[in-house]
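One chain, chain A, links the two complexes that follow: it is found with chain B in the first and with chain C in the second.
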Partner chain A sequence: MARRRRKNRRKDGTTAPLRLTSMMDILTVLLLFLLKSFVVEGEVITPVPGVDLPESSSDAAPQASVVVAIFDNTVMLDGQMVTRLENGSSDDGLLIAPLADRLNQTRAKELEIAQLRGEDVDYSPKIAIQGDRDISFEVLERVMYTCNQSGFGDIALAVIGAS
Partner chain B sequence: MTILNASLTRRRPSLAADVADLDVTPVMNMFIILIPFLVSMAAFTHLAAHHFGLPRDEGAGEASTASELPLTVAVGTAGVVIVKGDVVLAELPAGEDGQDLDLLAAVLTDQPAGRLVLAVDDPVGVDVVVTCLDRCRAAGFDDVGLAAGTGVTLGAGAKP
Partner chain C sequence: MNARHSLGRSFRGLVENDLDIMPLMNLFVALIPMLLISAVFLNVTVIEMNAPPEGMADDQEQKAVEPLHLAVTIREDFFVIEGNKLDKSVIDRRDDDPESALAAALAAVVAAHPGNRDVMIISEARTRYDEIITVMDVSRAAGLPSASLLGAE
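Moving on, here comes the complex of A and B:
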């Protein structure tokens, strides 16, 4: 520290001050930009790691909801793995039984919370599906069917927005 | 002359004495902690959604006749077929680069806006489905239904 002080000291004994004004300007602009992005975006669902969402021109905002993620034939519900889908149809037809069980449990819990809050009359279960761009429509169809059978009829298909 | 000499010989005040030395180190410290924290939490991709309202399964309803069916866009790996009622409006075969969805938008723009059903075959990728939804909505069809297709076969109708 003493050596640094000696370095900054000129030959005539005066100290050369470090000009931080331009750096302060950059940091202030950056800080304002970041704070503004937080205020405007207001993300209500978080992208699940490993899911490469398709791009879209849609600008409809996703709603806060239960999140089902599908990638590499793996189905996850709220960040927890539920099942792996085998290629081809199963014995249950379109229904994915493990996902249906978990969704029924989730809906029962949400309904219980809504009743405690006195909001059970307006309660409508919502679900967001984050499907990887490489999955086939067959998988998406089965997940949507299962969601609908479990009472989650209000479905949002998450995409990367245009902006 | 005396006055001029006096003004020339007057000592100018030191510049260093005029400038207030503002210590910005605490502010810099705050920025250095705050900005990496905010950058790590910032969302650089904007999430959007396509919303669907699925009806409850209440068994089979009355089947519509072909003439009552809304404008239907059947999407398969072989291509896209646009059907209105029982008339095939256009067939868009898939090329080596995949589906020609720009042409789909051009064909749909000529149609009066209303309900539209997107019937998708099982092997079609989700990115193609989302792009089809975008094209349909860009052409003025806001009420788009999603249905499972039964296999697109080309060669039955008109080509644009």
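Moving on, here comes the complex of A and C:
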């Protein structure tokens, strides 16, 4: 121990500073790895908290789209709660009126942006549904129907892909 | 050279300094937790959906038209495979590994009708989303990548 302590001392008696080079190497690699995870192909969908997505063998990359999350009969649009379905059914048939209103607003806004960019000809509204694995088809069907009625015909179901 | 010689003594007296990387370290220490928090480690993918063929929502029982209209119905206890020119087959879900039996049955249909890529998955109101995704996976693996969802009457 004494010998080692003596080794760390310089000839002039001053203590050698902590060498941070190797730690810097690790941090640099970690930083690059984390930055790389943001620059993946396609769009990254973050699961909405509270939604337990089902697992699937699908490997299709998600595209930039509006996200509807469904869990415990609660419907959220882009992270904001829209409505709560009572027992998954209503007198309005399959249409979920509050969701339809919000989707129409979103579509109008997206169309306006596409027009400003001059991309309105190619504009096709896309939607990704993040459904909890335990929701019933009854709820899913109503959400899909409402999306379709609001002009979001290009529907994708978000799942946890095979890694 | 002469100048260097003349400075030689003062060079010898200097202490070798390491590069001061502490500010960079501070930056990294702040950046890395921030990136770790926002990093997505779950591989979220999607399954593209198709709208069911025209008219099929109203008359699922009508199977006399030309296309195959292959349908897999998810009942509580059974999977039912039916379609035009197809014998109806029923798979008991209480058996061991009903998904493999479904995969085999669908693979047989695909082998008999290689041109068909579509399948309709008909679910009951109470069918869980997880079960629907499983059937879609089985269908895709069997060679039916284009799935559409329908509700059972």
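Quick note on the criterion: the second predicted complex is superposed on the first by the 144 of 163 C-alpha atoms of A that agree within 3 Å, B and C clash if a C-alpha of one lies under 4 Å from a C-alpha of the other, contacts with A are read in each partner's own complex, and residues count from 1 in each chain.
Keep this in mind: contacts are C-beta pairs under 8 Å (C-beta built on N, C-alpha and C of every residue); 3 or more make two chains touch, one makes a residue touch a chain.
Every value quoted in this text rests on a predicted model; they were computed, and no experiment measured them.
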item	value
Partners on chain A (chain B, chain C) - clash or fit	clash
Partner chain in contact with A:Arg133 - chain B first, chain C second, else both or neither	both
Chain B versus chain C as contact partner of A:Ser22, first or second or both or neither	neither
Chain B versus chain C as contact partner of A:Ser56, first or second or both or neither	both
Contacts of A:Gln80 with chain B and chain C, given as first, second, both or neither	neither
First, second, both or neither for A:Ser124, with chain B first and chain C second	neither
Chain B and chain C contact sites that coincide on chain A, given as residue numbers	17, 20, 23-24, 27-28, 30-31, 34-35, 37-38, 45, 47, 53-63, 128, 131-138, 140-141, 144, 148, 153, 155-163
Chain C-facing residues of chain A, complex	12, 14, 17, 19-21, 23-24, 27-28, 30-31, 34-35, 37-38, 44-47, 53-63, 88, 128, 131-138, 140-141, 144, 148, 153, 155-163
List of chain B residues in touch with chain A within their complex	21, 24, 27-28, 31, 34-35, 38-39, 41-43, 45-57, 120-127, 129-131, 133-134, 137-138, 146, 148
Of chain C, residues touching chain A in the complex	15, 18, 21-22, 24-25, 28-29, 31-32, 35-36, 39-49, 51, 123-130, 132-134, 136-137, 140-141, 149, 151
Parts of chain A lying in touch with chain B, wherever the complex brings them together	17, 20, 23-24, 27-28, 30-31, 34-35, 37-38, 41, 43, 45, 47, 53-63, 128, 131-138, 140-141, 144, 147-149, 153-163
